[in-house]
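Inspection log for the structure reproduced underneath, given as structure tokens.
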Amino acid sequence: MNRIDAQPTSGASDTDRPLVFDVQGLNVFYGDFHAVRDVELPVRQNEITALIGPSGCGKSTVLRSLNRMNDLIPDARVEGQVAYHGVDLYGPEVDPVQVRRHIGMVFQKPNPFPKSIYDNVAFGPKIAGVRSGLDDVVEDSLKRAALWDEVKGKLSESAYALSGGQQQRLCIARAIATRPDVILMDEPASALDPIATLRIEELMFELKEDYTIVVVTHNMQQAARVSDRTAFFTVEVGEDGTRTGVLVEFGDTSTMFTNPSRKETEDYITGRFG
Amino acid sequence: MTTTTPDLTGDPARHRKERRVKMVMLAAGVLTIVVSIAIVLSLLSEAISFLTQIDLGQLWAKGWFPRRGRFDLRTIIVHTLLVTAVAMVVAVPLGMGAATYLSEYAPRTVRRVLKPLLEVLAGIPSVVLGFFALTWITPNVMRRIWEDTELFNMGAAGIAVGILIVPLIASVAEDAMRAVPDALREASYGLGARRRHTTLRVVLPAAISGITAGFILGASRAVGETMIVAIAAGASGGSLLTFKITEGGQTMTGAMASLAIGSDQIAGVGAAFQSLFFVGLLLFVFTLILNVASERVIRRFRERY
Amino acid sequence: MTNRSVPTTGDLVAGALKGRRLDVGGFVLVVGLLLALLISMIVLVTLIADMIQQGLPVLAERGWAFVSTPLSPDAHDAGIVQGIMGSLGLMLFVVVIAFPVGVASAIYLEEYAPDTRLTRFIVANVRNLAGVPSIVYGLLGLAIFVKLLGGITGGRTLISGGLTLAILVLPIMIITASEALRAVPMAIREAAFGVGATRWEVIRYQVLPVATPAILTGTVLTIARAFGESAPLLLSGAVLSLFFASPSGATLWDFVAHEKYTALPIIVFNWARQPQKEFVALTAAAIVVLLAILLLVNATAIVLRDRFERRT
């Protein structure tokens, strides 16, 4: 282990935390297109794992294979194993709908439903059959997403009336409301201004007390600021010009950013690439 | 926070419901294929029985008089083409002019008023246009040009059919012109071209296949239009072959309508009734060819932009 | 020209850039294009004015009686109540059959269907069906509903006509509903899937509510089209005569259940064929009523669209 690092991020080197995801030999194809190749990725509980890399490196694809969102893309094919608490997510008995209740998702652009703030948050629990105590679930979720104080007086107003940053926190509240244990975030702050971005980052820090978070970002400072571990992906251009995403390096964020073991990682982090 | 193995199998009742819903939706989708099959089968079976009942020479007789066993195809096909040609002569310049003006010249406010009006024109039922052809177009247009125009004539019917398809041609052509990227227009202006040169030499050629598709679609509609012809083109009962648009004549759809009007009397018996289906089959094939052709042309246009 | 001073470069450039030379060709083109558009408008205005002018005397003289009395061979007594009720009854079939089946097909094609050969075939088939001339649907109605299923439909009844019209507008319904569904942003579907909704829950609770205004507007416009349609009814059994016995009652159901039926556009067609002069005015009056109803239906569509647009 790296000793130069004087102040490791909380628990960053604590390899004893239980594994939430164990990704082994993951390959994703879109039709004939080989999107990512041979990814090995452990994700540990109550940590923030960041997936970084240049565009087209397949980081979002890997993220989407963690809650089977790739199933929604026609001709997408996933090979390899994604174990979630030891259960193969792509096993024959597994229902992708059920998977997404345990593993919530926040998207790149805030995408609230064109409904009231309340209905946005309540939708997940409602379809999961929650009938009573919905108000409490909504309030609790909005509090956890640090949005409650701003919206408590106007829960029945349209979600579209909120600012971009508020909308994104609403989407986080919506994801929390189904009581997941993992939250996947696909560049959650890329469409927001710097102040709103900061709020989201602070929120992620609070959320990891209760949830495991996997976040895709192309903003390296963000990865360095919030994550415990970082996976660096890049694009490999084959002889025939095909582009495939590969995982270059995975490790503690502090190590990756101070003493990367691979030259590609260093080049990317120092801005010589991408 | 649970660390126990999560249950990811899902509720079987929900799975069943999901499958049931999907099957219902699929059934609705498949119903459209059933409709197509039903159309083809009902047309084919009666058309074939028609062909077996008559002597094929009857399809090449003197005029179209089904009740007298004369089913001259030339007559109704030539008349259909005449009416369609008149319709196109009216609709192509009007539709193209309207589309070009709306797409390239009209200020936004003008567009907002005129475009819905064009849609209103598209919503006028064809019976109404048929009556208009008979009572207004014949005296005020046809007889002004050709004094000896008959009361029922293919010219007035053709003009009315043309009015009917103006909105169709205009809207397809306008869509095609608006789909031409602005970069092309800017490139033309950048070279110092005037607007009319940009419109005529850049936008129109770039949109030509989309526009052509609109013409074909318009022609297909004209061929299949029934009520205008049935009211204004005359010759209920039958007609001899004529090339004069000032005279009445039976078209394919007109022949079908007049057989239908009399179908109380001839229902189920004799070749006259079944000739209805034979003509229907011809009409179906004609319009299908035109529609597929326009679809092809438009697809090629889409691939380019 | 006494000023012999040499012009500066600036003068030359200014001279070259000046002068909005009148572009005669361009002017002629604009006038021509505008004329094309205006002619279409003039035709529309002429048509409506002509119908009103011809039909107004009848409407003024007969008043409400024209719409509330049945057909009669005597032009002075003839009314259109059977046509209006028949048309309303026909629309009932369009709404009850074409609307749900059309929306369901569209949902299948847009939300469920994998990109297979069957799907592509269905889509192409729907487009082709939309281009089949309406009189061909009349033949279908005659062969299937009047003759083949005559035992169930009763033959030349409003049921046969209604089913024929419903099938006629089905492809148009599917196309409008598909467009409405396609306009719903993907992000909304992803968000709903992301919180663990099944496909049907995504459609039912998120996609359909967003698509509803466009679907309803399209449906109303489709109904307007069906209302003015007459060619298929000529074949699928609408009564084409100057007089037939009216249903015993006056409710819509009496007209639907009556064994004979007609429709407003069919009455227009039939009167238009009559040689007597009184029937010309009568036809125009019926056309005025028909156009007024269509205007009302179209206005409903516009109001619907506006109401929903303002809400979101």
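Each chain gets a letter, A, B and C, in the order it is written, and its residues are counted from 1.
As a convention for this text, contacts are C-beta pairs under 8 Å (C-beta built on N, C-alpha and C of every residue); 3 or more make two chains touch, one makes a residue touch a chain.
Everything numeric in this text was worked out from a predicted model, so none of it was measured.
Distances between chain centres, each the mean of the C-alpha atoms, put A farthest from chain B.
Every chain gets a centre from its CA atoms, and the centre nearest the mean of all protein CA atoms is that of C.
Centre to centre, using the average C-alpha position, chain B and chain C are separated by 15 Å. Look at where the CA atoms of chain A average out and do the same for chain C: the two points lie 49 Å apart. Spacing of chain A relative to chain B, judged by their CA centroids, is 53 angstrom. Residue numbers of chain B whose C-beta contacts span two or more other chains: 14.
In chain A, 97-99 are the positions where the chain touches two or more neighbouring chains simultaneously. Contact with two or more other chains is made by residues 198 of chain C. Across the interface of their complex, chain A is touched by residues 1-10, 14-15 of chain B. On chain A, the positions that touch chain C within their shared complex are 67, 69, 72, 74-75, 97-101, 104-107, 109, 111-115, 123-124, 127-128, 160, 171, 174-175, 177-178. On the chain B side of its complex with chain C, the touching residues are 14, 17-18, 21-22, 24-33, 35-36, 38-39, 42-43, 45-46, 93-98, 100-102, 105, 114, 117-118, 120-121, 123-132, 134-136, 163, 166-167, 170, 194-196, 199-200, 217, 220-221, 223-227, 230-231, 236, 253, 256-257, 260-261, 263, 268, 276-277, 280, 283-284, 287-288, 290-292, 295. Against chain B, the residues of chain A that register as touching in their complex are 18, 45-46, 84-87, 89, 93-95, 97-99, 102, 181, 210. Considering their complex, residues 114-115, 185, 187-198, 201, 205-206, 209-210, 312 of chain C touch chain A.
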